[in-house]
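For reference, chains read A, B, C and D in written order, and residue numbers begin at 1 within each chain.
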Amino acid sequence: MARVVVDVMPKPEILDPQGQAVANALPRLGFTGVGSVRQGKHFELEVDDDVDDATLARIAETFLVNPVIEEWVVRRVTP
Amino acid sequence: MARVVVDVMPKPEILDPQGQAVANALPRLGFTGVGSVRQGKHFELEVDDDVDDATLARIAETFLVNPVIEEWVVRRVTP
Amino acid sequence: MTKIGVITFPGTLDDADAARAVSSAGADAVALWHADADLRGVDAVVVPGGFSYGDYLRCGAIARFAPVMGEVIAGASKGMPVLGICNGFQILCEAGLLPGALLRNAKLHFVCRDQWLRVDNTETAWTSRFDRDAEILVPLKNIDGRYIADKSTVDRLEGEGRVVFRYVHGNPNGSVNDIAGVCSANGRVVGLMPHPEHAIATLTGPSDDGLDLFRSVLDAVVNP
Amino acid sequence: MTTEPVGSDLDHGQPVDTVECAGLTPDQRQPYRELGLKDDEYQRIVRILGRRPTDAELAMYSVMWSEHCSYKSSKVHLAYFGKTTTDDMRARMLAGIGENAGVVDIGGGWAVTFKVESHNHPSYVEPYQGAATGVGGIVRDIMAMGARPIAVMDQLRFGPADAKDTRRVLHGVVAGVGGYGNCLGLPNIGGELVFDRSYAGNPLLNAGCVGAMRVEDLHLAHASGAGNKVILFGARTGLDGIGGVSVLASDTFSGEESAGRRKKLPSVQVGDPFTEKVLIECCLELYRAGVVVGIQDLGGAGLSCATSELASAGDGGMHVWLDRVPLRAEGMTPAEILSSESQERMMAIVRPDDMDAFLRVCDRWEVLATEIGEVTETGRLVITWHGHVVVDVPPRTVAHEGPVYQRPVERPADQDALRAAGPESLTRPSTPRELRELLLRMVSSPNLASKRWVTEQYDRYVRGNSVLAQPSDSGMVRVDEETGRGVAMSTDCNGRYCKLDPYIGAQLALAEAYRNVATTGATPLAVTDCMNFGSPEDPGVMWQFEQAVRGLADGCRELGIPVTGGNVSFYNQTGEVAILPTPVVGVLGVIDDVGRRVPTGLTDEPDQTLLLLGDTRDEFGGSEWAHVVHDHLGGVPPTVDLARERLLGEVLVAASRAGMLLAAHDLSEGGLAQAVVESCLLGSVGARIVLPEGSDPFVQLFSESAGRVLVAVSNAVVPAFTEMCASRGLPLTEIGIATPESGILHIDGVATLGLDELRDAWEGALPALFD
């Protein structure tokens, strides 16, 4: 079994009200120095060793991500 | 400015209906070999260089995370 | 009698309402099951609202792979009228039958309110009974209702008159260009976030303005 | 069955405490105190079993004998409901106190089940999930009666609106109620939203649900028919909510190091509304197929509760193979599995011949269903774990024969002082200008302001049968699409009135809910309650509780409608300070044709007269005015006259039948001023109000006298309506006219206010606080 991580973020040009809400709230709570916040998704998959990179890319691109609005990174983390 | 990433995941003992829905759907789409999927959040913050690790930890714990049901990792990624 | 299919996915909520609207308009509502790759000979399909598969992952992302959707996509390519309402709209976008995507509302909350819309295109299979620029009052209820598409897509939609419904008297969720609903290039597939099936009688809705969508498609089926 | 040595490895290398083992180690020390059992309660278990309990048995008894499950402090008082319910009142009741939820016959072959339940403590710890699972729990209760859930409601109480923690809790709770209910496809048709200092460290989340079914489809929770199968279906069982039970891991078996055992877990449950939605549809299809003998939801106390209650309500015996329970976490012990409060699970009793059909339905909905046991005639609940008996108990002793406490009851010493410090000494506004300012201040105060910021986050339309929803006086749903038969429901409680006089306060809550239902044209039929109080170990709190129960029960007898069920939540306090006594009362009404419902807001019909029904007295004890302007609580609450409420209800329903009412709105907190403002704003219709000559405008506008309703009728109907009231002895005052196009509310001699200005004040308040 290998562990695979997929990080998915809203495309930069797309308004991210969730991230913005966090960024706006931080100064109110006394935290300064945070310029911007963006919020996306983080998936952790346990996959059989014979699942190759091409398959992982397809799983991400066709299913975990909507390429119209999101960008993503797939990486294997050491088992 | 430094870029900081916070990955937030549901605690292992806590139900993760989102990850489960994804895991259940994969075989129906013809993807086999994925054992389990868990879904969490991925934050990317731009912070001033003088924001120290302790502050980052506090921001995560008090704001980005619900420590009752989630666990998290904070890491600086090279600027 | 014209047969209009109403799909039920696990987590679909407004299927009974859509079926009621179809019947009120004088058509035969036919229940379609997500797991059956079978449209049961219907003339048109409504993909109703709800939270298919809990809207986990992304709204509509899991449902669009259901066996029944393969048939819907095939039917649409042959000109069968398809209407996606709310979650149904999200599913049609995920399936590539309509352009764009729907994101979390600008204020991040679920919003349930009676919403004014303007009908900007009365040439589609689902809007022919409306007067052009008619303003209608229809319930809106969702948390992921902010319509978005890249600039060139939006420009194209505007240029081709494919914005079918537009929010008026206030944009409830931050949708680009106040877009509430769009259609396919041939005007047979329409998707919108507000719920015309909840506006078919003043007893249970704010108006009966929604009924004309379901009446329009009767004409479209007879005169494709 | 094989025999294994004491404490042997039965699974995952962990020793499991068996009945045999318990017999051999009678002196084994057990952490019963940590599990909340008192010494004498533990001794009682030992007496019942004739030996020490096993870990699993201890887990079962401790959770089932908790206050929450056993009602040990409230039982003796709740019995009063039974004593005050007459046969007449029982006539329409198909199921009452003791069942998962009360059921009433609403005519036309339909039965309706309804209930309100608290989820207060979880909602403070984790507001979103606490509220979400609160909604999920009450919906499963309704489902377990064989009904289709048709609407939900939520009763929310928080600390001061401007307190920082209120924001956190309120945002989470509202999102949780909406997140779960919206995704479940149940319209939210009403509720409450109250801010008071006493709830700051202990907010209240009560959730209600209404369900409907054909009378013959009523399912009661019992396991009968030896040989019938016990099926667990829905979600897998995980470590949710087993916080307390994890102490069992460390203390047993000669202090052996608890290697591999988990640390104490937070008892937070996470809800999955999608699974529950599918479970609802699956259950309804199972009912239609006629393959369910008995059914029970899994809520608090999980499998402990479901198995023991089903068994003890049926033929008395059940065998459960606990190792067959599908798990979500690894290495769970029998005690943990029995205590888990994982959500979205149900348990059904099914005849062996129906098993195939049952499983086919579950399969279609992709619902996991597992046969975990069998009904027996042994009179014992026997639970085995990999062939070893870990539980062997008489089920009634777990489910129904828990301890009963006669807690000390004592009227608080300061009650007299509280009642003596009435509002008479408070400065009242005297000039028109002061009255105008007061009116604007009142309508924008958190308790009186529009609740739209909250209710807009709830789907009211789904299922297409919502005829009235917030901000109407009561919610109303159509039950029968052919005939238009439907039900109305309202829940109410003013904790300040209850603090001043819990007996009268409970009756005022009942009166208001009753009035709200009648105001929309429905006939009140039955009552449910949700009793939120402080610690039962405080004699003063027990006095409040006893008084509230008696007030409610006596009131119901006077109104002729029964209490069909309820819920008690104790220990709602911060440190030593209890919340205001909060007996939430829900009244359910029936209407033969929802088409004649009466709207709350004014309509734009021409030539309307506004009439005020009832008497207005100088009553400000516990009022919103005293609270907002003087932060004062003292004196006595408004008087309650239930005969009058009944008469008022009869008149409203008769007038609705006769088609006389264009609109009607009951008067409650904030008095006439508030009711008029709401009536105008909801309909976007102006009005001109003329207060009775020689009256004190402040009293007229802001008194909270009970038993009053503002109605709008056509001028032409005024004589007939007046005659109708006069002949029945109901006081009526002509109070003004509607002025649809004016855009203003004009109160003669007091103020002229633009509807826009009023709307900004009324609707702007909560967004300003919470956006």
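The rule we apply is simple: contacts are C-beta pairs under 8 Å (C-beta built on N, C-alpha and C of every residue); 3 or more make two chains touch, one makes a residue touch a chain.
As the structure is a prediction and not an experimental result, all values here were calculated from the model.
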* Structure fact -> More contacting C-beta pairs: B-D or C-D? The answer is C-D
* Asked: What whole-Å value do you get for the distance between subunit C and subunit D if each is reduced to the mean of its CA atoms?
  -> 36
* Where the CA atoms of subunit A average out and where those of subunit D average out, how many Å apart are those spots? -> 40
* Structure fact -> Distance between the CA centroids of subunit A and subunit B (whole Å) is 9
* Structure fact -> Residues in subunit A with touches to at least two other chains are numbered 63-64
* To do: Give the residues of subunit C that touch two or more other chains, as numbers and ranges in rising order.
  => 53-54, 56-57, 65, 107
* What are the residue numbers in subunit D that touch two or more other chains? -> 272, 274-275
* Asked: If each chain is a node and each touching pair an edge, is that a line, ring, star, complete or other?
  -> other
* Complex contacts: residues of subunit D adjacent to subunit B -> 125-126, 129, 235, 238-240, 262, 265-266, 268-270, 272, 274-275, 328-329, 342-343
* Inside the complex, what are the residues of subunit B that reach subunit A? -> 1, 7-9, 19, 22, 25-26, 29, 31, 33-48, 50-51, 55, 58-59, 62-64
* Which bits of subunit C are touching subunit A when the two form their complex? -> 57-58, 61, 65, 93-94, 100-101, 103-108, 148-150, 174
* Of all residues in subunit A, which touch subunit C in the complex? -> 10, 13-15, 17-18, 21, 63-64, 66, 68-69
* **subunit C residues touching subunit B - in the complex, by the definition given at the top** => 53-54, 56-57, 62, 65
